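Two complexes are shown next, each including chain A; its partner changes from chain B in the first to chain C in the second.
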Partner chain A sequence: MNDNVTDNTSATDGSKRILLVCRHAPYGTSLARESIETALAAGALGVDITLLFINDGVWQLYNHQQVSVIAAKNHGAMLSALPLYGVERLLVDEKSLSERGIKASNLTDIAEVIDKDQVKHLLANCKVILSF
Partner chain B sequence: MKFTIVILGAPYSGETADTACRFAEAVIAQGHNIYRLFFYHDGVHNASSLVTLPQDEIQLPQRWQQLIDQYHLEAVVCIASALRRGVANDIEARRFGKPCGNLLEGFELAGIGELLDAAAHSDRLITFGPSS
Partner chain C sequence: MILHTVNKSPYANQCLVDCLTTAATGDTIILIEDGVYGATAGPLFDKSLPQLSELDIKLYVLRPDFEARGLHLGQSVLHFSLVDDHRFVELVLEADKVLSWY
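== the complex of A and B ==
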């Protein structure tokens, strides 16, 4: 194999940080749910993981989700379990919010808003990206 | 290079699982290694022995199976995703009082930890998304 194109460290120490990119709305498909299950498992196993909510994924962070009308489990409640599992870095793309007319004040306060340059930097510098 | 391939799409519903299988074949043809195949979300249907397509169409589960068998690949199906979608081995089927298991030989059921392990130990992790 050509080692020049292998830009990951061998990471046998398990220290490689994972970026979980959440691109889908909380309801309609189970993708959002299953992506957060991955994050919870990572937290439980002590894996260093950061979540980036982008595109329709930003809806996952919206406060006051009223799920009783669609007989679904509350996605927001699932997200609020993340800090309990040691997953504390939840980032949200500012551009995706403004495109959808969502104010940061309407989001759960466990998320931190970052601008598009920070998003670019994050995507460029994470060795492992799990995209949902 | 060591690749891990994540498959989120079901066979037939969309093209992504088929593309993932072709990609896996290409990875091997190029002399690289596959660390693990991980079937998640709707991708678990790729491991169902009950998938039945018209004879003149690509039998994707069997195509995966052939690849797994020929190159001794590790093919992990997320157990939580699988059980929710009616994919189970005989042990799990019995455990939940179902009439029979349907997991194709060559595939194994395991937890999300196997995905996180693969992320830590592969040089490249490539996700093939859901159909929608």
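== the complex of A and C ==
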């Protein structure tokens, strides 16, 4: 996962991009689900879209979600499908991971870890922010 | 410039702290709905004070929500400006982007 972190500019230079800021854990509310639906719609329309997982949003990427016991759809698996729909830039905030004791190896391997300066750069340089 | 809106009480929810952690120089923060209790959060803001003054972040509170809850600016250690709904809309228009913390 960390192999491609070195190219900071390509990950966070977001002029003209829509940025989805995903701050909530999956399942407790419908917010995480709605962010995926938004990403899929944007991907289908060819819009350049980036997802940033920060604060409790990082739990969306946590591995081994076993949702059959609550009769829900597997959120991590749905996220993993996003690249198939043209949504390839999924970024996760390093500070939020460390605060929660989550190792990058515990995440689905589609997301790239970025530090807090990269987060600020991303927010400053995208065109539109949608908060989920 | 990003306008950050915060609508949850800092005593019940992490989003004000998360907002303060992420806001950058020149940004603006406005407390709305239960977020206005953040303007009474002395010790909580104290921890972020050096960072806030360093970053030159403007702080606003939505007056109708603030007064409805019986709050007074004298209770806060930081400089908040009270704004009405009209000014809130202007702040949104002046900002490049709005980021909602909820």
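The definition used in the following text is that the second predicted complex is superposed on the first by the 117 of 132 C-alpha atoms of A that agree within 3 Å, B and C clash if a C-alpha of one lies under 4 Å from a C-alpha of the other, contacts with A are read in each partner's own complex, and residues count from 1 in each chain.
As a convention for this text, contacts are C-beta pairs under 8 Å (C-beta built on N, C-alpha and C of every residue); 3 or more make two chains touch, one makes a residue touch a chain.
Small disclaimer: the values here were computed from a predicted structure and weren't measured.
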Partner chain in contact with A:82 - chain B first, chain C second, else both or neither: neither
Partner contacting more residues of chain A (chain B vs chain C): B
Partner chain in contact with A:107 - chain B first, chain C second, else both or neither: neither
Partner chain(s) touched by A:131 [first = chain B, second = chain C, both, neither]: both
Chain B versus chain C as contact partner of A:29, first or second or both or neither: first
Contacts of A:120 with chain B and chain C, given as first, second, both or neither: second
Which of chain B and chain C A:54 touches, first, second, both or neither: second
Touched partner set for A:91, first chain B, second chain C, both or neither: neither
Intersection of the chain A residues that touch chain B with those that touch chain C: 128-129, 131
Footprint of chain B on chain A - complex, ascending: 1-2, 5-6, 8, 11-12, 14, 16, 18, 29-31, 34, 37-38, 41-42, 45, 47, 128-132
Chain A contact footprint on chain B (complex, rising order): 1, 6, 8, 31-32, 40-41, 80-81, 84, 111-113, 115-116, 119-125, 127, 129-130, 132
List of chain A residues in touch with chain C within their complex: 21, 23, 54-55, 95, 116, 119-120, 123-124, 126-129, 131
Chain A-facing residues of chain C, complex: 2, 14-15, 18, 21-22, 24, 97-102
